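Paired with chain B in one complex and with chain C in the other, chain A is shared by the two complexes that follow.
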Partner chain A sequence: MKKLINNPTVVVEEMIEGYVKAYPKHVRQLEENARALVTAKETCEGKVGVLIGGGSGHEPAFMGYIGSGMADGVAVGNIFASPPPDPILEATKVIDKGEGVIYIYGNYAGDVMNFGMAAELADLESGIRVGSVLVTDDVASAPKEEKEKRRGIAGEFFVTKAAGAAADKGYNLDDVVRVAQKANDYMRTMGVGLTPCSLPQTGKPSFELEENEMEIGLGHHGEPGIEKGELQPADQVVDRLVHDILADMPIEKGEKVAVLVNGLGSTTRMELYIMFRRVEQILSEKGIEIHRSYVGDYSTSLEMGGASVTILKLDEELAEFVDHAADCPMYVQK
Partner chain B sequence: MKMTAEDLKTFLKNVVVMIEEQKEYLCELDRKLGDGDHGVTMSIGWQAVNEKLEAELKDEQDCGKICITTGRTFLSAVGSSVGPLYATGFMRGAKAFQGKSELTDVELKDFWVAFVEGIKERGKAEVGDKTMIDTLQPTLESLQTNFEKSNDFLAAFSEAVIAAEQGMESTKEMLSKRGRSSRLGERSLGTKDPGATSAYLILDTFLTTIKSAQVA
Partner chain C sequence: MKKLINNPTVVVEEMIEGYVKAYPKHVRQLEENARALVTAKETCEGKVGVLIGGGSGHEPAFMGYIGSGMADGVAVGNIFASPPPDPILEATKVIDKGEGVIYIYGNYAGDVMNFGMAAELADLESGIRVGSVLVTDDVASAPKEEKEKRRGIAGEFFVTKAAGAAADKGYNLDDVVRVAQKANDYMRTMGVGLTPCSLPQTGKPSFELEENEMEIGLGHHGEPGIEKGELQPADQVVDRLVHDILADMPIEKGEKVAVLVNGLGSTTRMELYIMFRRVEQILSEKGIEIHRSYVGDYSTSLEMGGASVTILKLDEELAEFVDHAADCPMYVQK
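Showing the complex of A and B:
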């Protein structure tokens, strides 16, 4: 597959360099570790630090969400691979303002080990309290009985948003963790894959699908999904995705939700709006109110084709946080 | 048998070369089960170790330090899941080598026992989950049993590598239960686990290294 790169082995370094140079008012790269980025604005004493991170290849996630109302620090891994403990730890030390730091990351074996080691080191070496919330929104990744095994995908945006807003409003670490955990528990995502992505270093497609095929539940890194089938019209695909979400997390008539229709990389905004149109039809038919919606590329998988639908159920507290202002290089909300 | 710090570094360099040779094959296995990057990840980590071998480890004679640096360097370069796993293996194993420039049979055995125990503790996978543990656990059991009988590391490790190979092959018929590939269910059948495969290749490289060190 064609890519505009210089050298496959330094794509992450060159990407970070460009990003930091593009948004100097928002982000700062740490001298101690080139894979650790923090907000360029000084955060106030006593604010809980919000740290996110994961593999590269999901841009604008995760580093696009550094900014007020969202994350204070990001640790950047290799492509589709968890960052090691060092950048996590270095960013933690900088963003801790005495009230501790929350780690938000997807529930993947590598992330669990690396962020876990970093949390232990932060406590041991610097006495920084760390709370962790693992994102598990991907319905297709494990059955309901094994919900704790589910992976995190596009919904991490909402968990970061909730935690970022709570931290901004001066909540303490326990409360920021509680709010982030609630956002995760009140949220489900279902995705569909159409075309593969390829890693810069191998250049080979991450999976195979025929020209007329789609795959329901395809993973964020090209992990095979739960069902391959013939490509269907957008409405039918969305019907299936929303059906699986609501079967897993029933939502009553009159309840409020936030919706995210996320593109995986090469799927166009046109397709995403066509999909959102159907999500809105289904929810309004059921009397479910869409309080706020997000349509676009929030968390991608390189140039993968496909999209996901995330529904976050809102109580009063979460609705307030979803409405909270944010100012990040890749996401601004007034 | 005897193994020197230079032999230990030769082993690490042999792993660097072996991983480069097997990089594509490991990615190919991983494409069937995961995101197809296992060979790339191992290569990134071992290339970083190689840089240390050519610089600060060049004259290092403390086998413990060599292993600690190897573990830390590998972890910092890759993160991922193999980073913490191999880092824990090398750093736990390093305790058996601390302050030593020549290694005895018992120390070599203790190294690999601690190496495998460390990885098991960090990753919490069980035999049958289709992971590197399916290679490492049979290696551990075989090494301990055979070493108890003979106190001969080379003989016991030769047996252990045979057990490792069988363990690796057994992953072909297993369903993935850990990591990203666990969502595959039955579709994971028929392909060897890439992590189990690279673990075997590292053990095999250790065996060939110590064999040729004895001849020399």
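Showing the complex of A and C:
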């Protein structure tokens, strides 16, 4: 697959360099560790730090979400691979303002290990309290009874948004963790994959699908989904995705939700709007109110083709946090 | 090519439906014409109206740019085809607040004809003054001596931004036109294409390139570029693009610019940041200051692979307008 890159072994370094140069008012790279980025704005003493991160290849996640009302720091891994503890730890030390730091990351073995080690080291070396919330929104990745085993995908945006808003409002660490955990608990995502991406270093497709095939529940790194079949019209695909979400997390008539229709990379906004149209039809028929909508590329898998639907159920507190202002390079909300 | 759509003949209608449902606080569809969208916010009497538009398939352009500090109305055409005069005219009538309306659109025969007819009709039917600025930023599409023949591509974002800011600040129509024209005159874009897109109705690729080929100067609708050749490393590609821009529009040491690295659809943000990194290196070596940067999908060609670099030279007035706040569904600036 053709890519506009230089040396495949340094794509992440060159990407970070470009990113930091593009948004010097928003982000800065730590001298202590080139894979640790923090907000360029001064955050106030006593604010809980919000740290996110994971493998590269999901841009604009995660580095695009550094900014006020969202994350204070990001640890950047290699493509589809967790960052080691070092950048996590270094970012933690910088963004801690005396009230501790929350780690938000997807539930993948590597991330669990590395963020876990960093949390221990932060406590041991610097006495920094760390709370962790694992994102587990991917309905297709484990049965309902084992939600804690599910992978984290596009919904990480909402967990970060909720935690970022809570921290911005001066909540203490326990409360920021509680809010982030609630956002994760109140949220489900279902996705569909159409075409693979390829890693810069191998140039090989990450999985194979036939010319007219789709895969329901395909993971963000090409992990197998739950069903392969002939590509259906968008409405039928969305019906299936939303059905699976609502079967897993019932939503009553009159309840409010936030919706994210996320593109995986090469799927056009035209398709994403057509999908959103159907999500809106279904929810509106059920009397469920869409409080706020997000349509676009929020968390990609390089140039993978496909999309996901995330529904976040809103109580009063979460609605307030979803509405909270944010100012990141890749996401600004007034 | 696989697409998440329903009936290919109504993709534009379904896209607009989804878009309007997703952003009801930002946009509304006119009852008079379903292809005419206007801002949902009340604009004040005496503000010059800013109307943009063109073919679909370039999302988030053009409908994503409706909002304060940007466009007040958009006329939506079929895929890669100009809208007819009707939606342009209907949107014009709604957004005119007594001080006239500026039309900003890319220099394509169909758009020139249809926006031209709408402008005449607006005057004849409703006595609305219309000023027009054709965007001609694509260096590769005609020689320097015939700049007025060039096509408009990603740079339309900057022309809309400048005009939207000027209108927001209460400039009269002549001055909004002057500012928009200056933005166009002070701006150049060069692009590279890697992989084709396909139209929903045909499913056929819009052009052909070999497995390891790129095309410099390829147009937004697959119009032939100026040079086909083997895919080069990103730095060399960017060197070529920026070289051609600066040869066409010299920029002196100490001058300020805004830079847009735009993805055509399936090119990853990782690649765009790597490209931006090189743009910054070149300009910084020449002592040219990047005042503000934009990296992402601002104007696509469905799922085409490739990217473009736009450089806008800033005088004091344009710098102020580039910095002006904007609040659109696809673009918010504080």
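The working rule: the second predicted complex is superposed on the first by the 334 of 334 C-alpha atoms of A that agree within 3 Å, B and C clash if a C-alpha of one lies under 4 Å from a C-alpha of the other, contacts with A are read in each partner's own complex, and residues count from 1 in each chain.
By our rule, a residue touches a chain if its C-beta (ideal position, glycine included) is under 8 Å from a C-beta of that chain, and two chains touch if they have at least 3 such contacts.
Please read all numbers here as calculations on a predicted model, not as lab measurements.
Novice: Identify the partner contact of A:Thr202: answer first if only chain B is touched, second if only chain C is, both if each is, neither if none is.
Specialist: A:Thr202 sits against chain B, while chain C stays out of touch.
Novice: Who touches more of chain A, chain B or chain C?
Specialist: Higher number of touched chain A residues: C.
Novice: Is A:Gly106 in contact with chain B, with chain C, with both, or with neither (first, second, both, neither)?
Specialist: Touch status of A:Gly106: no partner.
Novice: Could you tell me if A:Glu271 is touching chain B, chain C, both of them or neither one (first, second, both, neither)?
Specialist: The answer is second: A:Glu271 touches chain C but not chain B.
Novice: A:Asp327 in the overlay: touching chain B, chain C, both, or neither? Say first, second, both or neither.
Specialist: second
Novice: Taking the superposition as given, does A:Gly155 touch the first partner, chain B, the second, chain C, both, or neither?
Specialist: neither
Novice: Contact-wise, after the overlay, does A:Gly296 reach chain B, chain C, both or neither (first, second, both, neither)?
Specialist: Touch partner of A:Gly296: chain C, not chain B.
Novice: Quick check: in the complex, which residue numbers of chain C touch chain A?
Specialist: On the chain C side, the touching residues are 2-7, 11, 14-19, 21-23, 56-57, 59-60, 64, 192, 194-195, 211-212, 214, 231, 233-235, 237, 265-278, 280, 290, 293, 295-297, 300, 302-303, 305-307, 327, 330, 332-334.
Novice: For the complex, which residues does chain A have touching chain B?
Specialist: These residues of chain A touch chain B: 9, 77-86, 108-110, 113-114, 117, 140-142, 149, 151, 199, 201-202, 204, 206-207, 217, 219, 221-226.
Novice: In the complex formed with chain A, which residues of chain B make contact?
Specialist: 24, 27, 31, 34-37, 39-41, 44, 75-85, 122-123, 178-184, 187
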